[in-house]
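The letters A, B, C, D and E name the chains in turn, as written, and every chain counts its residues from 1.
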């Protein structure tokens, strides 16, 4: 009884802190989210903007029985995992390097922030220019070096990975940002202990840095994962999902359903499927982390 | 091959403050050295420089004859107990202790054995799987100690490793450290504020003050013959009584004359002190040289009791004597001695181990040492 | 109005381990209480519960008669020195010390004055503008202490506040704390492992063991009459000698008979111990009750010297006696006493303050206290 | 030796980032017709920049973006910090709550942009900067909450205890101790919020009107069915990069320099 | 209390031409018009948000022909018929195929044409007249090198150029979606195929359809530039401009942009426009609409504006600036023809244009078709299967 009473105080303080943020989130995001959820089980289309009759899970069934859907799911997972892994590994490497240098630090940092400051749409436009197969500078340089021209986005086997490369080029900076901040707030003490315990820089990284950075790193990974799952600007500008369906990721699929197909309800259903997948992966990810600890 | 030489080593911190100034010290292989000094005098800084964790601003550091100013800490193979413990917060006690061994490629079963052994020694066995955050202060300190003693390094640097332990455990640990030293024969540098540790554990003690080494010597030598009033007062509690007086020849005797008291300098010191006759001096006498009972050779001094502290083991008396403003002396007396505050009690001073210091330089006036050379 | 009452208070940690079990203690307003106990026995936990930082698993805590189980720490107005210091890393020493006052809306100039005063007292004046990271261990600890003493709280909770200071500074701080206590008259709970602090500073000492309070009393009472062998051994170093023996009536006398020794129980304890005649007991005698010179009433015991420790101030002798396996006793002797290892020396035991304990329960066998009631 | 390798690595990274950017900078100074030329600098002109401001409303959009990005961060950061703190320290709402908050960001924006538009329209906040600021503040919240939560979890609870016994309220401990100690995290979260807003497109498109379009919308409008005006896009991108590069000078103090508080036991 | 008209416009020259004349309109009528210019891809999303809301911020709409089925079907647009009747606006000069393209029915006129983007073939005259190439071609095929008249000829020619010269035969916009769907439509119409028959039955899956698709895939693979499958209009234009391609199937008004000494010095003066080989190409265009969810006053003002901007006078004035007219009287206007002689051909292109199926799901169908075309052209699907899928997709969408 008394135990509860004490916890109660903490509990209330906690809610007092959490409330403004949660309230704001609830007010601004709550309605759209609920509305989107309602739409996903309604018969609302742009041509017939009425929620009724409700159709239950029919939209989900429709969407899932679409031949392109499961391909899109698989593609999205593949794409997200590859980009997040790439961004994390490269980003961690860069963050560590930056953390260790003394001189030039601000310069490196300034350069690293550049890609973040570009919206994905402009990044896509720019890379379309650079990778233009016939006139672009990249293929031109390849040719200068005696290499064959590459059909970066027009080849079904390549397009997704080109897109992933562009995404990594841009988004790695974001991972660096968070990891660098995480590194900066690690305590110095354990490193001194590790030094005298004879740990090499690599071992320090593996046994000290990585575990201590884990909470922040995990969050960076998750946020990135969510962002990648929702990617739609890049395929929108770069490939429109093509060639064929080779870059048709799930949120682009949802976009097509909602805005081209005018079936907001099916778009919402596809979106919720995506949400469930990401949520599942997120929970799984944290469960794994916790078990490994 | 693992002597540690500090050759005019200084440490200047970024803010312009000196941590250590011009320290010159050679620690022989296998020696057990105690660092002692007031808070902030540079003990930890010196240790950290030896470990390689702090850059050396000037001077040279050699380990086993090899200059190591630029050698990374991990290549020096030194085990350190940090004053702040510096435990790995994300590792269990077991992993904390095993880390150093693991890094040096020791086989898993060997590590396990060593950890279990050390944990048994330190009373940490029930806590092996906890994280440091769930330990008490003393338990954390023991983990820090355990992390060092499982290893077999070139030298151990222990920075107040027992400060947060209870007296009993501390006594046990003291013994264990001495045993460890005997068994491995490794150099040990031990920072402590504990008089018992300082006096009993080390081959030598090094007394630091404001970044400098002021006296280095065998514990009882330093205790018996402090080079100045600082060391004289520093080494024991209650510290040595220091009384301003004048040295005067009286017949063929030499007298210490102060405001309201006169004491005769013992025969054996007369020759040494004679040259200073007629000068102001500071007269030093340790509290344990004031006795409650008269004995031949002791000189009587009447003290008005100002304070009486019963430590259980013994009683400390603080008394005043002489003219206004009165002088003060403390005396260590038996636990059975009692006296009312304000009462006047006669105490009997043994002046044989007396000291005289120059009031200006605070340096001791030389006299033959009373210390017998240890066997 | 600021007594602190712990009413069957327990603390169960999340991992199922008890930090504190069923502690029942009333600390009067203005009392100076010492907590003493082995590492990990629950001292810090108790303090943190009083401060309101740790939830109470069961039992009631009252401050000034008011139940405070659910009162926030800041509303208890208690100053704490944390064992881990818990300094604010981003604030200068000055701001660290002033924070508590600022939070309570004290005027800036007043804060300044108080900080300067405390800093002077603690020898921190030159460091006021530094961040804690640029301080030595002892300096940090003093900042932690300073943070508490600038305030005027209902009670001070000091968790080993002097452990990392040198002996001299510690003596000064001890004095300052006592003065502070006199001046403000606030309740102080002080955790320490230092015997001098424990014996001299507090009105009462509370000895804890494995989460329980085992003895609470005035320091000299506890010293003179420990309730069990744990307390007997705990309170001093070297600890009380505990020797297994048998109590036997011999004529109208009462004898302690062990493997190779016989000692007569002094007259004054005979009545109390008579009922236990014929039983196995543990005989306890403190090292300071072994003397080097014969005196009337002392009983001679010949010891073979096993170890001799010169602490400067005094010498500790560890000797064996009796049959195989030999029994061991330690003795505190004067600094001038010397003996070769292996030699046999006669020592003279004063059995007046002797103790007997039940070997099974380890509890003391009752006898009239020798302690005179303090005036 | 290690230093050399380190800088070499970083220089390679910088080259990978900078080469495309430099090509963009170059393109921004070329006439549209030459934008695909493979020569280094066949001609130079500042027309692209001039036209951005004269024939399109890029200046206005730029201003809008700054206002919206700053505004939303200024609003979201305190809220996020508080909620993140509650999550980290008080375990408020448990794991479920944490994931629920994050889950609000897991829905592709295409699914909520129309409902959000409906909401904003109803309360009269569509087509206004205020509306955008609020929308982005809310959109950024979940990520910022999570990031800050991660940082707060790393702070020893001792410090807050000390503050509370010093008489600070939970709020005081948070404000005066926790926040300053986690400045790198705050800075990172702030930057993150800024760039998320600075780059977001769909909400900006749907919620904004002609006076409130943001930079991504403005740049996107250069993709016409008549072709992409890539030279102008380049110029716009170069301008869009500037504020963050300038700001990085200040941010880096917190983020990569660290606070070097060190241990204080 | 003047009314301000708000329009969401695509940021293209057509819009800029009108925008520059707006002050004139305001002076005449006192009605202020504000254009918000964004990219084509973003317009639909933004418009839809406004149109489904209780009151639209935009009170004049620029509507693409692809939405000409959807917007009226959703009931978002006013019928302009009564406005025409009331103001006595003359519809006769409007090219019938344009009116039809933008959804005019017997009963209603939801959208009034604004400008046209029908497609034809632009090709390099210099290459066609190059004696060496001529000889080569003759040697290889035994035929004279000439402007192709059938699709098969065109593809063969295209492949020849790619194989035998340093230019590719066709700059093709093969990106999935609008680009390839529009391009393919030309191929389909060129071989005489159709999406729907007169009774609105799906006839895409026919022999003609298959031959069109095969030729299309063949051209992408063997006649077009590398990366054609990801190319958009922009890419093809730049390729043509760089002189790296022999031909392209594109909007007819691309000609002046490419045939410009200033913009494309490599090909200026060496280009010509023709109707798509086979005689029919894809037609396309934009129109004006008035949303239902606005006030009556603004609807009236909107009509006034539409009437003004599509009237003969302004249309001619616009044409002089490069406007692609929807009125035949503008194409034949002497001043216009004097400035742009190729408008004569353009009129053929426009008049002969056939239309992509216009219904509620046109935009989606474009995407469905685009996906299948992309699969087939990329070799990921057999033409027969792709065509079947595309055709089935159309049936399904029509059935909705």
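Just so it is clear, contacts are C-beta pairs under 8 Å (C-beta built on N, C-alpha and C of every residue); 3 or more make two chains touch, one makes a residue touch a chain.
What you see is a predicted model; the values in this text were computed from it and never measured.
Common neighbours of subunit D and subunit E (chains touching each): A.
Take subunit B out of the picture and the remaining chains remain, by touching, one piece.
Pairwise, the chains sharing the most contacting C-beta pairs are A-D. With centres set at the average Cα position, the gap from subunit A to subunit C is 59 Å.
Annotation: 15 Å between the Cα-based centres of subunit A and subunit D. Centre-to-centre spacing of subunit C and subunit D amounts to 58 Å, using the average Cα coordinate of each chain. Looking at subunit E, residues 41, 45, 48, 52, 238, 242 sit in touch with two or more other chains.
Across the assembly, subunit C contributes residues 72, 84 that each touch 2 or more other chains. Counting partner chains per residue, subunit D has residues 36, 113-114, 118, 170, 181, 220, 222-223, 228, 230, 259-260, 262-265 touching two or more of them. Within the complex formed with subunit A, the subunit B residues making contact are 51-53, 72-74, 76-80, 82, 84, 86-91, 99-100, 103-104, 147, 151.
Here subunit A touches subunit B in the complex through residues 187, 189-190, 192-200, 203, 207-208, 211-212, 214, going by the rule given at the top. Every residue of subunit D that touches subunit C in the complex is listed here, in rising order: 156, 158-159, 161-170, 172, 176-177, 180-181, 259-265. The touching residues of subunit D, when paired with subunit E in their complex, are 32-33, 36, 55-56, 113-114, 117-118, 121, 126-127, 202, 205-206, 209-210, 213, 217, 220-228, 230.
Looking at the complex, you find that subunit B touches subunit C at residues 13, 15, 36-40, 43-45, 83-84, 123, 130, 134-139, 141-142, 159-160, 163-171, 193-196, 199-200, 219-220, 223-224, 233-239, 286, 288, 309-314, 332, 334-335.
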